[in-house]
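Two complexes, one shared chain (chain A), two partners (chain B, chain C).
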Partner chain A sequence: MSITSVTFILFLLVTVVLYYLIPGKYRWLVLLASSMFFYMMSGVSNGIYILITALSTFGSAIFMQKIADSQKLYFKENKESLTREDKAKIKKKNNSKRKTLLILTLILNFGILCVFKYSHFALEQFNNAISLFGAQPIEDTMKFIIPLGISFYTFQSMGYLADVYWNKISAEKNFLRLLLFVSFFPQITQGPISSFEQLGKELFDVHEFSYKNYSWGIQRMMWGFFKKMVIADTLSPWVYDVFENYAQYSGITTLIGAFMYSVLIYADFSGYMDIVCGFCEVLGIKLTENFDRPYFSKSIAEYWRRWHISLGVWFKAYIYYPIAVSGWNKKLGKFSQKKLGKTFGKTVPASVALVVVWLTTGLWHGASMAYVAWGGVNGLFIILSLWLEPLYDKCKSKLKIRENATWFRAFQTIRTFILVTFIKVLPEVGTLSEGFGLWKNIFTSKIIPDSWQTLLPFIDNIYDDHSLRTINVVIFGTMLIFITSMIQRKQPIRQFLGKFPLIVKIAVFLVMFFLIVYFGIPASGNAGGFMYAQF
Partner chain B sequence: MRNFKRAIAVTLVCVLCAGIIFTGIAEFYFSNSYYYYQDSETRKNFAGKIDFLICGSSHGLRAFSPEILDKELGCFSYNISGALMTMQGRYTLFEKEIERNPVETVVIEVSFNALSRNRTKEGAEGDLYILARLDNMAERLQYFLSAMKLSEYDRVLYDTTNRGIQCIEWMFDRRKQVDTTITKGYNRPQGTLDCTTSADSYGKNFHRTKFSETVDDYNTGYLNRIIDICKEKNVRLIFVVTPIASRYESQHSNTDTVMAKVREMAANAGAEFYDFNLLKGKDDIFPADTAYYDDSHLSESGAETFNREFARVISAAKNGENTDEMFYSSYLDAQQYYNCIK
Partner chain C sequence: MEELLEILEEINPDIDYETATALIDGKMLDSFSIVSLVTEISDAFDIEISPKYLVPENFNSVQAMMKMIETIQDEE
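Let's look at the complex of A and B:
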């Protein structure tokens, strides 16, 4: 079910009506039924995998909880007879049981994810490796249809399991409640990846209908539809035309294509988030925010703290920290300090964790070397900025640059935006060499555009009335995103809108609705679904 | 509760305002006569006059010119064909016209895909044209609810808005307007495609592909309803296949099989059947370089010739002459002849 279709909107309407018609404590059951319906619409057989994940996570968490609870009880009952050594022994034994459970469940679930997502990639790499020794490559006959949202629900459930393992939360005792947490339909295809502590509370608390939530939610959904359908879906065929034909286009055209991609992916992904967060707001549910005006970041590291926030938080909590604080990494840090000095003593353990995080992030985004390289380049920039920070600080003080100076902040923002754009396009062109080819074309192409049509060759009949109108709407829409981001710096945009009389708000709604119908509907027919749904 | 009432009230105001705006825009599309498929007013004005009705898809739309037929046959004809016209659409318009006109002859254009067209695959476009050709909102609503799927509603909203805006623009640009009282449903194609082919290319592409042979019950169902009405009203019924470029036709190996089903329907209906792709000397009469708009539609000059040829054939049949000799009996025969002269 496409999220921009009439069917989906009707589905949302039915869900909202049923949700508020049913007594508060049973409302989560409406969400579960809707989630199951939504999921099954993508194929009944897909349901098997999400059930395996939910069941294994549920069972494993319950067992872990039982072990922890019985240990607690045993310690309590035998408080006086147990020595410290006895307690340590029991703890060690129980921890090893819990660890085994955790590892087995992780293997099972990440195994399913890997089989679906990475089998072709793994075989390709294996074939590349054996071909070096002259061996015959193995034919790829695997045909998989990746279950909807597998990357997102696997990460979310494994996060929950790790939290139970670390005793951060108690295991959920009701399977259906856990199933809802795993399969909650607004977030299953593209996130946000939430923690049980945060989302569970939102899902199972009783939310009464509120006009403010309703109107703010609808406003946010409209804004999301505008971003996705009018901006992203219009830009999509243009951008992919540049990516496919960059060799025949001028450097400036290729550069425009790259920048358009930055706008496209932001409008697409944040548009989706606005739609689902807006819908949840109507239900009184607050989802984790995934964006915080990322293109206003002053460094790559900051950009990643503000873009796809929930994924970053997940990697930080479940990969970065466990590696950064592991025994072997601490030893490596001490070794580095001895050999290379204080700065490296601090940064080497973090860098090791960052390398793992970024290569995994690359692989999570796509099963290709281009994505691994994309992750690597991101990681490299972050690690370099860590290492070079002292030098950077020295330069700034020598040149007497004030960190807070407006011009300097603007310079940092623009520089980061350009860097992010160049990194972003790398895996999107196709293979890694094609990605580098696009970079090269920007700087070395000898083609000079001599008209608007040759500058923007991806637009058919540029002088045609409809094309001109579409270009104007895309420019207007992009500027609107920029302006709203500027306003958001000071206050939420809907709070800003709230100051105006109702008639103005209705007029804004009507203009948005008209633009979505007139420009968004035909554009959404041209483009595919949401870009992040592929991950 | 106060919260809830306020939400409902504001939502209703928004929906109402949006409804007024979109209906207002769509009304420019529904109530004007600037384009060939905006002809409800014209057809209403012609009620009681039409005695020769042509009913087809885009092939018929670009082939039958009532202006020429009226002169050649001395009739008052009208072409209700439409691009991507579904059989339901054909039936809806046909039923309306046959009710209010003294129709004596009905021509049903049946091309190679007439029975195999799939509404789901082709989408809503054909039905969207029909919406503008109906007389009032009630008829449009009825057709909309019966022909459109829920998933197509957004497309309908866009399309009617877009065409409404187009009509607003046309209001100020007379050059873009079409006089539907003269064209009478015919869409004069702009331009020509040179469909000549080399012997080498002809040979390479000969019978390399097939037309779909799957007959869709949806199509036959509505076609049979048209046939039944014609029988009931004792109307002369003619099935016609309009010419397509020989290079395109020869690429398909199963044209005889596909057309046999149409022939069978025509025979069962007691209708005349003329396949102008089998017309002897077709490639001389319809020169490949000037007679086609594209591979499967006639150009303006091709249509002009076609209407004269069509009038000649049906007049001969009416006079009791044997028209069989004017045509090859099958595509295989025609192709053998063609290969032979090559």
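Let's look at the complex of A and C:
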């Protein structure tokens, strides 16, 4: 079911009405029924995989909890007779059982994810390797339909399991409640990836209808539809035209294509987030935010703390920290401090963890060498900035640059935006060499555009009235995103709008509605096809 | 407490640790600092800090860090 379709709007409407009609403590059952319906609409047979994930996660967490509870009870009942050594022995034995459960469930679930997402990629790499020895490549006859949201629900479920393993939370005892956490439909296709501690509370608390939540939720949904249907869906064919034909286009046209891609992916992904967060707000449910004005970041590391926040938080909690503070990595850090000096040596454990995090992040985004390289380039920038920080600080001090000077902050922001744009396009063009080819074309193309049509060749009939209007709306929309982001520095945009008279608010609402209907739907050949849904 | 303050001073001497209550939420310490901090604390207090303790609440202030260290010592 496409999220920008009328069917989906009707589905949301029915969900909201049923949600508030039913007594508070049963409302989560409406969300579960809606989530199951939404999931089954994507194909009944694929439902089996999300059920396997939910069941295995539920069972494993319950067993872990039972082991922990029994141990606690045993220690309490035998407080006087147990020595410290006895306790340590029992703890070790129980931890080992819990660890086995954790590892088996992780293997099962990440195994399913890997089979669906990486089988073609693995076979391709295998064929490349054996072809070096003159062997015949194996024909790829595998045909998979990737289950909806598998990357998102697998990560969310495994995060829950790790939290139970670490005793951060107690295991959920009701399978249906856990199933809702795993399959909650607003976040199943593109996240956010939430923790049980946060989302569980939101899903199972009783939320009464509130006009403010309803009004703010609808406003946010409208803004999301505008970003997705007017800006992203209009830019999409233009951007991919540049990516496909850049060799025939000038450097400046290619550069425009790259910057359009940055606007496109932000409008697409944050538009989706606005739609689902807005809908949840109508229900009184607060979803984890995924964006914090990322294009205003002053470094690549900061950008990744503000873009797709929930994925970054997941990687930090479950991959980065466990690797960075592991025993072997700490030893490596100490060894490096002895051999390479204290300042540099201290960065080694974090750098090792970052390499793993970024190569995995690359693979999570796509099963291709282009995505692995994309992850590698991001990681390289972050690690280099970590290593060069002392030198950077010295330079700033010598040049008497104040960190808070407006011009310096603006320079850092623009520099980061340009870097992020160049890195972003790398895996989107196709193969890795095509991605590098696009970079090269920006600087080396000998084609000089001599008219608007040759500067912007991706727009058919550029002088046509509808084309001109569409260009103006996209420019207006992009500026609107920029202006709203500036306002958001000080206060939430809807709080800002709330200060205006009702007539102004109605006018804004109507203009937005008109733009979505007039420019969104006709321009949108693939409305509902969100870019992050492919991950 | 003194030992912990010394470790923190070495990581970033520009922060007034005795009064700070939002070291993580206020972005005064980042994830790189946390990793260095965990290594130093583990050595100084002879404890094993598992990843489950690496949450902002445990590193927002010196008091929170001391509480976390005491919890781990009790557990061990």
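A few remarks follow.
The rule is short, and it goes like this: the second predicted complex is superposed on the first by the 532 of 535 C-alpha atoms of A that agree within 3 Å, B and C clash if a C-alpha of one lies under 4 Å from a C-alpha of the other, contacts with A are read in each partner's own complex, and residues count from 1 in each chain.
One rule holds in what follows: a contact is a pair of C-beta atoms (placed from the backbone, for glycine too) under 8 Å apart; a residue touches a chain by one contact, two chains touch by 3 or more.
Everything numeric here is computed off the predicted structure, so don't read it as measured data.
In the three-chain model built by superposing on chain A, chain B and chain C fit together without any clash. With both structures placed on the common chain, the touch criterion links A:Phe144 to neither chain B nor chain C.
In the overlay built on the shared chain, the residue A:Phe514 is in contact with chain B alone; chain C does not reach it. Legend: residue contacts after superposition of the two complexes on their common chain; A:Leu502 is shown touching chain B, with no touch to chain C.
Of the two partner chains placed by the overlay, neither chain B nor chain C lies in contact with A:Trp452. Contacts of A:Phe209 after superposition on the shared chain: chain B is touched, whereas chain C is not. Of note, the Cα-centre angle with chain A at its vertex and chain B and chain C at its ends comes out at 170 degrees, rounded to the nearest 10.
When the shared chain is aligned, no partner comes close enough to touch A:Phe335: not chain B, not chain C.
Following the chain A superposition, chain B and chain C show a smallest Cα-Cα distance of 35 angstrom. Residue overlap on chain A between the chain B contacts of one complex and the chain C contacts of the other is empty. Residues 3-4, 6-7, 10, 13-14, 17-18, 21-22, 150-151, 153-155, 157-158, 161-162, 165, 169 of chain B are the ones touching chain A in the complex. Considering their complex, residues 30-32, 34-36, 38-39, 42, 49-52, 54-55 of chain C touch chain A. By the touch criterion given at the top, residues 163, 166-168, 301, 316-318, 320-322, 324-325, 330, 333-334, 346-347, 349-350, 353, 386 of chain A touch chain C in their complex.
Partner chain B is touched in their complex by these residues of chain A: 5-7, 10, 209-211, 214-215, 465, 502, 506, 509-510, 513-514, 517-518, 521-522, 525.
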